[in-house]
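Below, each structure is written out as structure tokens.
Common to both upcoming complexes is chain A, partnered first by chain B, then by chain C.
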Partner chain A sequence: MAEVILKPTGNFNLTVEGEVITPDNFAGKNAQEIGQLLVWQGPQEYPLSNYFEVKGDGAASAEKTSIIIDGDVTRVKRIGEGMTAGRILVKGSTGMHVGADMKGGEIIVEGDTDSWPGMEMKGGLLHIKGNTKDHVGSAYRGSWNGMTGGRIVIDGDAINQVGGGISGGEIIIGGNVKHFCGIRINGGLIVVKGNATRAVGAEMTGGTIVVGGTIERFTPGFELAEVESDLKFNDIECFGEYKKFTGDYAIPQKGKGTLYVSCTNNECL
Partner chain B sequence: MAGTIAIKNGHVFDPLNEINGDKMDIFIRNGKVVTELSASELKDAKEIDASGKTVMPGGVDSHSHVAGAKVNVGRMMRPEDHYKFYQKKTPITHSGCGYSVPSVYLGGYEYSKMGYTTVFEAAVPPMEARHTHEEMRSTPMLDMGGYLVLGNNWFLMRYLKEGDMEKAAAYVAWMMKTHKTYGIKCVNPAGVENWGWGENVSALDQANIHFEVTPEDIIKGLTEINEMLGFPMPVHLHANNLGHPGCWEITRDSLKIPKPVKARPNTSVEWAETKVNPKRHESVYLTHCQFNAFGGTSWRDFESGVKGITDYVNNHEHVVMDSGCVPFGDATVMTGDGPAIHDLYVLTGHKWSNTDVECECGSGVLPFTYLKNNPVHSVQWAMGLEVLLYVDDPWKVIMTTDSPNGGPFIKYPQVIAWLMSNKARQDTFNECHKWAQDRTDLSAEAREMSLYDIATITRANSARTIGMSHSKGTLGIGADGDVAIYDIDPTKLEVSDYESIIRGFENAAYTIKEGQVVSQKGEIVAIPEKKTYYTDISTSADDEKNMLDDVKNWFKYYTIGFNNYPTPDKYLANPTPIKIDAEV
Partner chain C sequence: MVYKNIICPVCGGSCDDIQVELKEGSIDVQNACKMGNAKFQEIVSHHRILKPTIRENGKVKDVSWEESLDRAAEILVNAKRPLFFLGSETSCEAQEVGMHIAEYLGGVADSNATICHGPTVMGIQESGMVGATAGQAKNRADMIVYWGVNALESMPRHMSKYGVFPRGYWTKRGRFDRKLVTVDPRVTPTATASDLHMQLNPNTDYELLSALFTILNGKEPHPSVEDITGIPLSVMKQTVEMMKESNFVAIYVGLGVSSSYGKHRNIEIALNFVKEMNNYTKCNIGALRGHCNVAGFNQLASYLYGYPFGVDFMKGYPRYNPGETTTVDLLREKDVDAAFVMSADLVNHIPADCAKYLAEIPMVCVDIAPCPTTTASDVVLPGVIDAMECDGTFYRLDNVPIHFEPFTDSPFSETKSNEETLKMLFEKIKAKKEA
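What follows is the complex of A and B.
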């Protein structure tokens, strides 16, 4: 595995569009060539080396290329966008759209990220060890087609619209979420280990959502089917007793989604 | 000299002059087709060597949703249609974006790249005419016009109920002038008014709420008024029950209603020289037949009902229609037929826009994706091609996708390939759901259209049908010098290599507008002047006055003032009235 180390050194007053930072683009290039790749900052294009000190060469293929971002890149967007293989390790926090449209490989973020991580993702693994914001794995503005494959793991909290419109893949949130988690999904799996505020699974027509904590305001349009214990979705296990609901029946399409809610944390349901 | 050009040695296809691939020269002087250029003119003229290429009149699209309120709603509600499909600006062109609903600029450029020079907007709600004209004015590269939606108009329904044909005709004539529109569009007659009450109509003899007129009354009334006034085009009909399994029957029965109505187009224009009679003889122009030709009784036993309509059309002379082909992929459905779009919303659950255009009509917009693995969509794909292939006489059909309802107009080259190449169709059968084979007869159809047929259904007949063949859709002497030159050598064409057909029609080698090269191999090289056509009909002053008293009296129901209702000339690029002296 060839390692390319990017150390942030530049001026990030305006956010930088970092979609060239993928193993696919770095493969077959030496450190100097990587530094010459162009990125947009506001209305101007500049070489990557304006913002990062580049050390190490890419391998011949994306699979064998590992990118280490050694610092905080909160003002860099779209890191790893569309990557198909290889690995990116961010030793700090990132901006928006990390791993958007990702098709394979692995991204690990040790800090937090801004909104849209794994937007419309198709494959691979995106692991965020801190917190994130809105639209995890979601469809982009206007689109109703979110993530279709791969896995997103958030160890901390996410905020609104987790997994909006996904039809495949898995999203696992270790902490809490707020509004509209799993809105309009028609496939895939969303597991929230903590609490949710409201509108979980609104307009869902398929797929599965599991909430291990408390849902503050439950979505109307769901019907209780039965109680199940110790859920298992391949390698993902959710221990304890869960109330199984189906829905969302509030829309004309009469959804066939499944919503599991922890019994112990939602006694009033 | 501007607008003067010599196109040498091309294989010319001009169906209105029965020219079928003959190797000949086309000369254009000051924007008009002429017999020849003098030696001194030739010296200054641009000369194009078109040897080994296909030369046709500029394309004429007689039914496309390209401008106006509902098109713009389609743009606004679909950012996802835009951010992945865009073009950068060049020194002469604007930037633009939008796949199924492009921005006005991009729409004009994309049409021009395919060799189209004239496009008519399919539906202009009267209250939205100003907006439509603003967008048409900003659509470059194309001569345009629009059809006024009148099938559920309060005034007309009232006059038709009272049997007052003189006032009804005076109203239609006044409306055309007022809104600077070109012909009569009739969408789901009587049904859209009911949609204001959450209802629809399902039979031709079903009277609607309050006005108590039936679809039959409206179709009969409008087609009669159309000929009383001598409109250039027949009534443009979007039949009732559209998009419902089994709707083909009501469509066929609707076509029977205007059979006794004799076509009397009465435009006073100078006609280009043509061998074929350039004037229409049809009293009805059915639009997007595919959507009106659903068979079966439910989505389970859904099948093609196209034969029921094409059999009727083959045996009658008063009908012309366009196809509404479905080329698969992303589309945006938009129509004045509000209830039809609501039904699609219930079916798909997709984001939906619905509008009631006060006192006049309605509309609905919804994103839609036609998938090859979907049984119904696959049948619709086959049906659109059936419409064009089952009608024996190409002078009775026009190729469209009802853009962007069946798919965006940029898919026309793909549709042409399916029409010209049986292999293209068979290859698609292998990729799509087997219902396309089981529920239609298309797989047994061996007919392959010629370039002459394609020229007929994409320019000659669309221009003839809407009464524009005095200057469009032909290369006869006196016609507008609008020409499309395609990199297709008819003497070497192998239709089994259908990719070459697609490539050829996608980017015309040259698109020429009034003698000026405007687009070349997919690149816009000049922005020409454009014209906007409308019909200017004079009727008896007494009828007009009596009618206007009614209109002013009822204008209290509108939310805009009477004086703000008309569209002034300044909203049009080069307003070009087509004058008619009505006999009423």
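What follows is the complex of A and C.
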């Protein structure tokens, strides 16, 4: 695999929109050509070399191109947006929209990310080893469809509206979430290993949510169906006993969503 | 001379029945509430800003209009990404010019909704809205719900003009023909005047709405909702029945819904609930907006650029993402480097960190009276008071456009209105940018 190393050098006084940073765009280009790719900062476009030192050439195809961002890029948004193949490794934290609309390939972020990672993602793997903020894999404002395929893995915590409107794919959160996890989903799978604050599965009309920790405030429109133990969704396993709820009955004539809640951590439900 | 049917330029009620008599050094105001009266007194106030000022080497000095506009244009043209905060106490006409300047410079245009009913507007975008004009509600509504709003104090004439007390065509006995329900964690004067006060726990609006919706769908809500919201299930069921039995339910939401945890999701489920309630009876929902023309910016921005607020022109076409392209977020992320603030005391109404950054970057403001924003500004352009000194358009709380006529003239020979001030500024900006 050909490695292109981007080392951030500065000039990030305003945030930079780095949607050109994808293996698709880097493939078939040498280091100098990659440095000449344009990115938006405010209403102006500047070459990538204004912000990064570029080392290494791209391979002939996106599949064989690997991008390594060697440092924190919290002021760079949209890294890997719409990528179809290849690999991006960020050895730090990123700004908003990392892996948005991603269709294939792999992004690994070793630090944290800002909101909207994997927005409306269609395929591939997005692995965030730190924490993230809001709207993981969710639908854009006013849109009804979030993530439709692929997998997002967050090792740390996420905040609000995880997986808003997803209809496919898998989101696995190692830590905790806060409000409206799985709001309005109609398919796919969300697994939260930690706790959730409130409104889990609100307005869901399909799909599956598993909460391994405690839900502080349960969503009113759910009905207890049965108790199941040791859940298995392909390669994702959730051990222990789970209460299975169906809902959300606040949404008329539906209630095809499934919410599994850990028995041991939610005795009062 | 007494002027009648003057529009009040204060809250979203945009009252259209104010009578004023302008005398030498004083003004008599009839029909306005306390807030309205105070604003009308501004016209004879001794602290009115009457001269443009600029700050040079830390000192503020009076300058000519020409010089102040030059300096303002220079600040905005030299900025990489300016923020245009087009406040809501001015006309749509002035806001329109502001938005065009933002588009021309590739900046961001935003307005008061971003720190106020923005989530309401976002909720409407998610699920659509069953609305009605204030007159419809006045003539037909026999059940009124104030949710998360203390109408008696925040929009003092709403209850008497549209909501609760007026005698409408089908509500001839006024208050006696209406049931009044308030949903509020606090015991407000509005709640005290209500037939039913649902005193829910703070930040549990979503759970309560979701439970009401579940009941409406013929299901039993999960029993934990009683503890979460603090409202017994029997009261929830009674409320849904009351609504179903009414002929016309008018729900008014305030910032208690749209700015408590859940934000636009609270509004979204409220709107969906109202939609479903229309299977049983006529039901509509509206927001009690804060300023006289706060709805105007949303209407205008949606009409001109497709998005209601937080419109980012960075790439030459409008983009919108609250949390990314909205005032507070841009300032928190230090993602703008100059600001233009019109008819809004922005510094006073945003988080301290954002206000601090705003004071650090070059700022131009248009205002009528001294406030923290004028103090932090590098250029202050005196404002003309809309609905008193110039004509124009406001959008009322129910999104009805109201044309207003002045009863006196602008005190400045250089400009007739904020619209004209902005047009002069735009000319200077174009000249500098193209030079």
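One rule holds for everything that comes next: the second predicted complex is superposed on the first by the 268 of 269 C-alpha atoms of A that agree within 3 Å, B and C clash if a C-alpha of one lies under 4 Å from a C-alpha of the other, contacts with A are read in each partner's own complex, and residues count from 1 in each chain.
By definition in this document, contacts are C-beta pairs under 8 Å (C-beta built on N, C-alpha and C of every residue); 3 or more make two chains touch, one makes a residue touch a chain.
These numbers come from a predicted model, not from an experiment.
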- State whether A:E203 touches chain B only (first), chain C only (second), both chains, or neither. both
- Message: So in the superposed three-chain picture, is A:L269 touching just chain B, just chain C, both, or none of them (first/second/both/neither)?
- Response: second
- Is A:T15 touching the first partner chain B, the second partner chain C, both, or neither of them? second
- Item | First, second, both or neither for A:G42, with chain B first and chain C second | second
- Message: According to the stated criteria, A:E223 is in contact with first (chain B), second (chain C), both, or neither; which is it?
- Response: second
- Query: Given the touch rule stated above, what does A:A250 touch, chain B (first), chain C (second), both, or neither?
  - Reply: second
- Task: On the superposed three-chain arrangement, identify whether chain B or chain C touches more chain A residues.
- Result: C
- Query: Between chain B (first) and chain C (second), which does A:C238 come into contact with in this model arrangement: first, second, both, or neither?
  - Reply: neither
- Query: Which holds for A:V136: it touches chain B only (first), chain C only (second), both, or neither?
  - Reply: neither
- Query: Which residues form the common part of the chain A surface touched by chain B and by chain C?
  - Reply: 140-142, 203, 251-253
- Please give the residue numbers of chain A that touch chain C in the complex, ascending. 13-15, 17, 40-44, 96, 115-116, 134, 140-142, 161, 179-180, 183, 198-199, 202-203, 217-223, 248-253, 268-269
- Contact set on chain C toward chain A in their complex: 80-81, 105-107, 122, 125-126, 204, 206-207, 210-211, 213-214, 217, 219-222, 224-225, 228, 261-262, 265, 269, 272, 276, 313-316, 320-324, 333-337
- Task: Could you please specify the touching residues of chain A with respect to chain B in the complex?
- Result: 139-144, 203, 205, 251-253
- In the complex, go through chain B and note every residue touching chain A. 77-81, 83, 345-346, 348-351, 367
